[in-house]
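Presented sequentially are two complexes of chain A, the first with chain B as partner and the second with chain C.
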Partner chain A sequence: MGFNILEPGLSTTVQDQGRIGYYRYGIPQGGSMDQYSASLGNRLVGNTRKEAVLECTYVGPRIAMTGDVVIAVTGAPVDVFVNGESVPQYERLSLKSGDELKFGVIKGGTKYFIAVQGGIDVPAVLGSRSTYPIGSIGGVSGRAIAAGDLIPIGKKVDNGLPDMQSVPESDRPKFTPNVNVRVMLGLYDHNLSEKGLKSFLDEEWTLTPIADRMGLRYSGPGVEWKKREQPFGAGQDPSNIVDAGYAVGSIQIPGGTQPIILHRDAVSGGGYAMVATVISADMDLVARSAPGTKTRFVAVTMEEALAARREMTARDARIWS
Partner chain B sequence: MTKTAEARYTWGGDEFLFVEITEGMSLESNFISNSIANALESKNLGGLVDICPANASLLIRFNPDVMNYEDLEQTVRALEHDARASARQVLETRIIEIPVWYNDPYTNETGSRFREGYHQRPDGNDLDYAAEVNGLADAAEFIKRHYESPWLVSMVGFVAGLPFLYQLVDRQHQLQVPKYLSPRTDTPALTIGHGGCFSCIYSVRGAGGYQMFGVAAAPIYDPTQNLKDFKEFMVFFKPGDIVKFTPVDEAEYRRIQKEVDGGTFVYRQAPIQFDVGAALADPEGYNKTIMEALNGI
Partner chain C sequence: MDIISPLPGVFYRKPGPDKEPYVKEGDTVAAGQTIGLVEIMKQFSEVRAESAGVLLEFKIDDFGIVNPGDVVAVME
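Our next item is the complex of A and B:
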């Protein structure tokens, strides 16, 4: 039993909670960009949080079912069709063998998720099924799915289906054209001039189309760096540092022009100064942004970041109770 | 070992502690970073997720649900103190020979596609430019300077298994070349790159901003784990490894590639002790000693 891929979509990859602990080798954590949305899908189809899903980007795949399956589509708003008939998102769907799933136009965000009872059952590599295309590991042969792939589905998880047939409106993630992203200043923020730091925090930044699983680039007024003598080995530009590890969610501003938020498939290190890091509770929010999203970076303290994380954990516990 | 300033501690959000040993690169800073990383690793602390030693800094990932961030900082500060106080800086490591086809057609072809708007010098290739900015006669002289001395793996990262390499010579003899003005969207797999004072080996094909000097003949990242050197893990390099580049011609490059394809290739390598103090005191003499370890292997 599995998914017979008729058309792969723009960039559809297998993802799960990620491959944690290999960043030291340059292997990124990966995993669903919008973890909350993916987790809602797994909840609806009776999986645990750990099962792998398909992450779709803008244009989804066309899939023929090779057996009876239970699925759910969550994440960015999109038209979903089964055998040409419109079906709802955030709701458990039962499909029969031969049924065809396809997608229409996306109406916000960039990523939506197909969860299936039993999970996508490709082999785990370094503890995860997440696809890392640059390193050719995880997913289907280390790449995005392709037409003709037959993607295996795992055995049902024992605990059966939850009472929840659909996700209540209040628990669904929002996809909005304006977001406030909470960040913790730090790392190399002291290399910004006072004016530069003020621009970073007070100005509005717009997400450009240069945004993918590795990073999201924003346009705006730019920032100013302090004038200083560059340390040995760092490179000439004031935005350069001696190559260092990059925190996931950290924000670098090469040349002082466009801030880049590193996301789940980020390079693990490099020579650009990072000036802040998106707090863990807001990484999904960044992942839900579509190009054009007006973004403000709001500085919070460690204690505020941890409080936001506790809220996120509490919501997760409620959904999974 | 210098015991002057303390490292700078700062947070990368609520999951990362960043420790900058020094702003500038040095062998001592790299050694301290790796000492802290190893000591922290051996503590097996619950909630510690990943330890990424870098050139002159350290990135530590933790799970704040399990580990208190202030406790972590205190632990690492104590380890930093120990690392700085340690009198003898000796690393049990290995030296590895990396065959390189310098001035090869693959990197030259790629380089020629990224000139206008990407590169400082429209004429010639990256080696010509590197020779010029280092005041050397020509590309051949630069290549000689590149393979004559050993290099230390000072960091692994960027993409899967990519080593950053720090040249083990006096600072005034270190090769330094600016990065591309704007990063390329393509770099051949196994390209020998150089940016600032660091060389690297691009483990996989992809974007990159370092100058390109040649291609290594054998893989350093093997997700299929087919070759013997990769049976335990798909990534070959570890921080602290020492690299000896050996120039090869096209015929030798092709012969090695055949061995790789046939699954019989193994790296020539030998265990060594690397003494930071000795290396700093007499780089030239010490380099000769460590490179002798490969003789007869």
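Our next item is the complex of A and C:
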């Protein structure tokens, strides 16, 4: 039993909670860009948090079912059709063998998720089914799905279906054209001039279409760096540093012009100054931003970042209780 | 039947910098004919006319930014 892929969509990949524990060897954590949305899908279909889902980017796949399945579509707002009939998002759906699933034009955000009871059952690589296309590992042969693929679905997880048939409106993620992204400054914010730091925190930045699983690039007024003699081993531009590890979610500003947020599939180190890092609780928020999203970076303390993480964990516990 | 882009990104009317545009305003296009490209995530996706007719006007400039659901061109 599985998903017969008739059309793959723009870039549809298998994702789960990520490949944790190998970042220090240069393997990114990966996993669903919007972890909360993916998790809601798994909850609806009676999975655990760990099952793999399909992550669709802008244009989704067209899929024929090769058996009876229970699915849910969560994440970015999009029209969902089963055999041409409109069906709701954030709701458990029972499909029969031969049914065809397809999608309309995305109405906000960038990613929506197809969760299926039993999960997408591709082989785990380094403990995860997440597709990392640059490294050609995980997912379906290490790549985005293609027309003609038969994607295997796993056995039902033995904890039955939850009472929750659909996700209440208040628990659904928001997709808005204006966001405040909380960041912790560092490690290299001291390389910015006072004026440069003020531009970064006080000005509005707009997400460009140059955004994917690795990074998201923003346009805006640019930043000014302190004048300094570049140390040996660093490039000549003031945005360069001697190579260092990149925190997950860190923000670099090559040339001082366009900030880039490094996301789930980003490299683990390099030679650009990281002026700040998106707090873990706001990584999903960044993933929900569509090109054109007006963004402000709001500096928070470690205590505030940890409080936000506790809030996220508490919400997760409630959803899964 | 207007032609809509399902994708965000940069819209191009030519297949390459030195090439002629796919279609000019006033041209007759066939169903399924490519009228431009949208670049997103280092991928170029063709935008096609769903039905045959005369392409009256482009609503997005060459190298213009397009959002999902935007009308790219108006058909007669």
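What we mean here is this: the second predicted complex is superposed on the first by the 321 of 321 C-alpha atoms of A that agree within 3 Å, B and C clash if a C-alpha of one lies under 4 Å from a C-alpha of the other, contacts with A are read in each partner's own complex, and residues count from 1 in each chain.
Here, a contact is a pair of C-beta atoms (placed from the backbone, for glycine too) under 8 Å apart; a residue touches a chain by one contact, two chains touch by 3 or more.
The model shown is predicted, which means the values in this text are computed figures rather than measured ones.
> Go through the superposed model and pick first if A:I106 touches only chain B, second if only chain C, both, or neither.
second
> Chain B or chain C: which reaches more residues on chain A?
The partner that reaches more residues of chain A in the superposed model: B.
> Once the structures are superposed on A, label A:D243 by its partner contacts, choosing first (chain B), second (chain C), both or neither.
first
> Okay, in this complex, where on chain A does chain C touch?
10-11, 57-59, 105-107, 209, 211-212, 290-292
> Sort out for me which residues of chain B touch chain A in the complex.
Residue positions touching the partner: 10-16, 18, 20, 22-26, 49-59, 61, 64-65, 69, 155-162, 164, 171, 178-179, 195-198, 203-204, 206, 221, 223, 234-235.
> Note which residues of chain A are touching chain B in the complex, please.
Touch residues, chain A against chain B: 20-27, 125, 132, 134-137, 142, 183-184, 186-187, 231-236, 240-250, 267-271, 274, 277-280, 302, 305-306, 309, 313.
> Could you list, by residue number, the parts of chain C that touch chain A in their complex?
Touch residues, chain C against chain A: 4, 6-10, 39-43, 45, 65, 67-69.
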